[in-house]
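Shared between the two complexes below is chain A, which pairs with chain B and chain C, respectively.
== the complex of A and B ==
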């Protein structure tokens, strides 16, 4: 290996990137854009559910029941209704997600310790949000009904009664359950995978298309020198992209790295090596930039987005799909990233992930050197 | 010296003076034979032309000699080194310029030179000296900082040649180097090639321009992967065209050609722009040909015996259906 030759290729690569707005944009602007988009626009938190209420009872009990919804930040009262026929229109227009119907004899039933039926009509067009909203409605209603039950016991002379189970969940690692803490590591995986794989693949295939690759292959440059010269510049740029995402997510969303920066850097480097090698491998099987672009987006972006655990949990996937997800480096890197960033734990907690990433990098590196040699 | 399709021309010994030596070099892609048992020798310091239509197997031959493709069978040595056994050794001793003058369009002239110099492992001192040399060779003095994409075809072509020569190889392979450039650029380019050959560099060049083939010391004519003829341009003309060639100006060359096909004295007719080239066994036969044209109602304004061109040779060797004549 000749260091001067590697350096020559690296300098050339950096020069070309610095003159190519499209690549620069892809490496630095697209990550920021994705971050802002995901950070601001997509939130998995369900808060401030718009609610309408039709109170047919209009007693202190029914008002108290309604208040117990509005005390939490989960429900906002949008409109008080007079007729049931208004409900359909509100749901159709999407102005409210939940309409609550309190029946006429609600107060009396609650006072007598009888059964009172409350109806909640929910817009189910977004299944996830609807399920969450139903969960909240049930929780609030259950809490109210328990308090009402205790009160009716007290009235009957049974005192000193407390609710039997006092459920107090304590959430570790992400106590406010903010989805930014959960989404940003996934976003880092997605962005790094895209920039690293796409930029290396395109930079090599472009040379194949232009014919300059042939000119390099007839020179005494060795495959390994070529691979290093072409990938190391993109490794640096991907690291810069990663640092930019981390800094921006801290500034805008207050997402911090709880664990060690060293662990974070090491696991990121291993992941990037695998991605770059994968990029080189893809470049050996594509002959045009279009094919390269399609292949790298199909094989990185989509699977990483859907199957790495970024948004959709593994446990909900069919077994076959779960098995496929084990082939994705993004899966392991995401688990490791969440461990370092959100939980703040060290290597001992995600050794398996690091091992899997090392295996991926080794296999892809070996494959691409082999393919590049045979390509000669 | 001339030989036809026997594939064994001059293959005995003599490897020392020959910069390139191939023996029964063959390349198959599946069932397609791109290069079929090709043998030739390139004397050191000569300009050697590989001539043939697109798809004749010229580029595949060059790509095997440069180590870009492995031969299916047969052997070849470049600068005395076996291409199959030591391709890396070959690479250090050759320069290669592909059909597309492969330069980086987004780099400047001097950045391209520095990149290729660096890839060939030149020291900074060598590089500075070779850069001046290359810029002079390409005629790009004062434009060192211009981006390559701003150069026209001719300049790019000479710069690409300069980049392929940076490490001063003894042998240089030029694959259709003048494709798509204007006649003046082609002429200038051949001046550079002559300059290189005079300095002792062996030049192997492929082309389908027959006028360019005239500049070569030695030619190999390829067709459908095989060597159809080889020799110097002069020898090829003398020995392939045994009779005489007349240039005939007539009012309708296309009608003239079909008329002449029925004349027994005429061996071959070809249209060159508005004129006909008529191959005959004897000079006297021209009267029969002209007579036939006139009696067919065509006006013959002039006719004269000409020195046959390589194109006449080519037409004699390859018939209209593109089949090589035995």
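== the complex of A and C ==
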């Protein structure tokens, strides 16, 4: 390897990028812009569930029952209905998620201590949201029953039976259960991955398409030198992008880094190098920039979004697909990010991830060198 | 008309010359839907629960069993003490841990309240939040059952005044009774794949000629901008028609999700969606100076925002108003409503006219803008 030759290629790359300020800006500023936009936009919290109510009973009991829904932050009363026939239309149009029907004898049943049944009709199309909403409906009903029961005990003068179980849930790592702490690391992975892969995926194929590849081939530059010269400048740029978005997620989204910043930098550096090398590899196997673009988008965008554990838990995936997910660098980087940022654990807890990222980077770098050599 | 046909033929020849392009275009959507459709599953079931029963009483066993019988949890590990339970969460092997301290069963029958601890892994806030909701429900039911059982020991005269109130919601789920998130996600994945492939197809179409210097040759010919844009768009529209057919058949066969609405409406609106998406790609192509720019613009300003902000998993209603306003220009947003409505709810065209109009409007605007942009370049 010849350092001077690598430097020459790096200078040439940098000169090319600086001549194209739009691309440069996109590599440095757009990651931050995307994090800001997505970070403020996304959440998985199910709150303010739109609800319609048909109260056939219209007694103080039924009104109290209804109030206990509205007092929680989970339900918003969208519409009060007069007829059952209105329900289907509302759900079809997606205007409410839950329709609650309180039957005529509700008040009497509650007063007599009998079992009262209310009806909840739920739009199940988004299974996850629906499951959460059903959980809330059941929790509100259970809570109402419990309170009414305690009241009747008090009226009867029975004491000492109020609470039998002292339930103490405790949440580790993210006590307020802020979904930002869960989602922001996922966004960082997706954004950095796309920026890094796209910044190198055209590097070789562009020279092929323009016919400048022949000149490089006849020059004394070795494949390894060419690849390093083409990756290192972008490594610096992606590192700048990574630093900005990590700082922003701390300043604006309050996602603090509980672990060590050194661990974080090391794992980020390895991940970025792997992604850049992956981009180069795709570039060496493509015949046109269009194919390179197609390959890199298809292999990174949706797979990273869906298979890296960003929102879809691995435990729900069939075994074959879990196996595929082990091929994705995003999976390891996300696990490492969550470990170091949210859990605040050290290297020993995510050593496997770092190792996997190193292997990925080495394999991608090696494959690109081999492909280039064959091309010569 | 002959000129347009000429451009179309030229485009097809170019497509065929790149050996890898056509197989990629037709095969990758099928592969992607097979892979990602099975993966995009947010069902809240089988949350790994560490169980630490230090009480070993009938009551503690009953409580642990009621967690496992609910279907939301599976026992990931049985541990002897609270420290090991916490460690199991730290190592990511359990999302929740149920700790039943010694004396739990005994204090249930006394007047003291029985302590019960639940640990949750907040770094996966989604599973933790839902896991906690269900846990609270299970505990409160156990509590009510316990209290009702203890009532029998009371003086019958007092007992007559106590009302054991119990309100039970009878839940009826419409459209997707098993609450399988797959039925919601597969149409979404399908829509995203269509969007990505169509945007990529056209986003380099014009800028490629610019970069390779063949655009000058086109400019000196008597082809008008409109003819050129139509000629560039038509082959891709044909390809899109094939893709949508293949992808729809694949997802119907693979996932056994039947289309409840009209297949014709689905087909027609999918084509409309793909046209608007092809148009967006084409517009990018007329704006960009190099293929690299075109690639980055379409990725960072179209594809990524669309997959995150169109309501695939993150509900649009919970976004800040400014961002909600931005989502109105995304064709994918409307197509999600269309495709999910047709797959899950079996809605008719009458309920989708707003989305259809929006897609048509976006298509006309972006294709019109491409023609205008291109005209300027010719001068």
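Everything that follows uses one rule, which is that the second predicted complex is superposed on the first by the 339 of 376 C-alpha atoms of A that agree within 3 Å, B and C clash if a C-alpha of one lies under 4 Å from a C-alpha of the other, contacts with A are read in each partner's own complex, and residues count from 1 in each chain.
One rule holds for everything that comes next: contacts are C-beta pairs under 8 Å (C-beta built on N, C-alpha and C of every residue); 3 or more make two chains touch, one makes a residue touch a chain.
In this text, all values refer to a predicted model and were calculated from it rather than measured experimentally.
Placing chain B and chain C on a common chain A by superposition gives a fit, with no clash between them.
Of the two partner chains placed by the overlay, only chain C lies in contact with A:206; chain B stays clear of it.
Of the two partner chains placed around the shared chain by superposition, chain C is the only one that A:155 touches, whereas chain B remains out of contact.
Within the superposed three-chain model, A:20 lies in touch with chain B and with chain C [touch as defined at top]. In the superposition on chain A, A:298 contacts chain C only, with no contact to chain B. By the touch criterion defined above, A:143 reaches chain C but does not reach chain B.
Judged by the touch definition given at the top, the superposed model places A:181 against chain C, while chain B stays out of reach. Ranking chain B and chain C by residues of chain A touched puts C first.
Of the two partner chains placed by the overlay, neither chain B nor chain C lies in contact with A:346.
Per the superposed model, the minimal spacing between any CA atom of chain B and any CA atom of chain C is 10 Å. Within chain A, the residues touched by chain B in the first complex and by chain C in the second are 20, 210. Within the complex, the chain A residues that touch chain C are 20, 22-23, 26-27, 30, 34, 37-38, 40-45, 47-48, 65, 88, 91-94, 110-113, 115-132, 134-139, 141-146, 148-149, 152-153, 155-158, 160-161, 163-179, 181-182, 187, 190-191, 194, 198, 201-202, 206, 209-210, 286-291, 293-295, 297-298, 301-303, 305-307, 311-313, 315-318, 321, 324-325, 335, 338, 342-343, 345, 349.
Chain B contributes residues 66-68, 87-88, 91-92, 94, 96, 98-100, 102-107, 111, 114-116, 118-121, 163-164 to its touches with chain A in the complex. The touching residues of chain A, when paired with chain B in their complex, are 2, 4-5, 7-9, 11-12, 15-16, 19-20, 210-212, 214-221, 376.
For chain C in complex with chain A, the residues that touch the partner chain are 18-21, 24-25, 28, 32, 35-36, 38-46, 48, 86, 89-92, 108, 111, 113-130, 132-137, 139-144, 146-147, 150, 154, 158-159, 161-184, 189, 192-193, 196-197, 200, 203-204, 208, 211-212, 289-293, 295-297, 299-300, 303-305, 307-309, 313-315, 317-320, 323, 326, 337, 340, 344-345, 347, 351.
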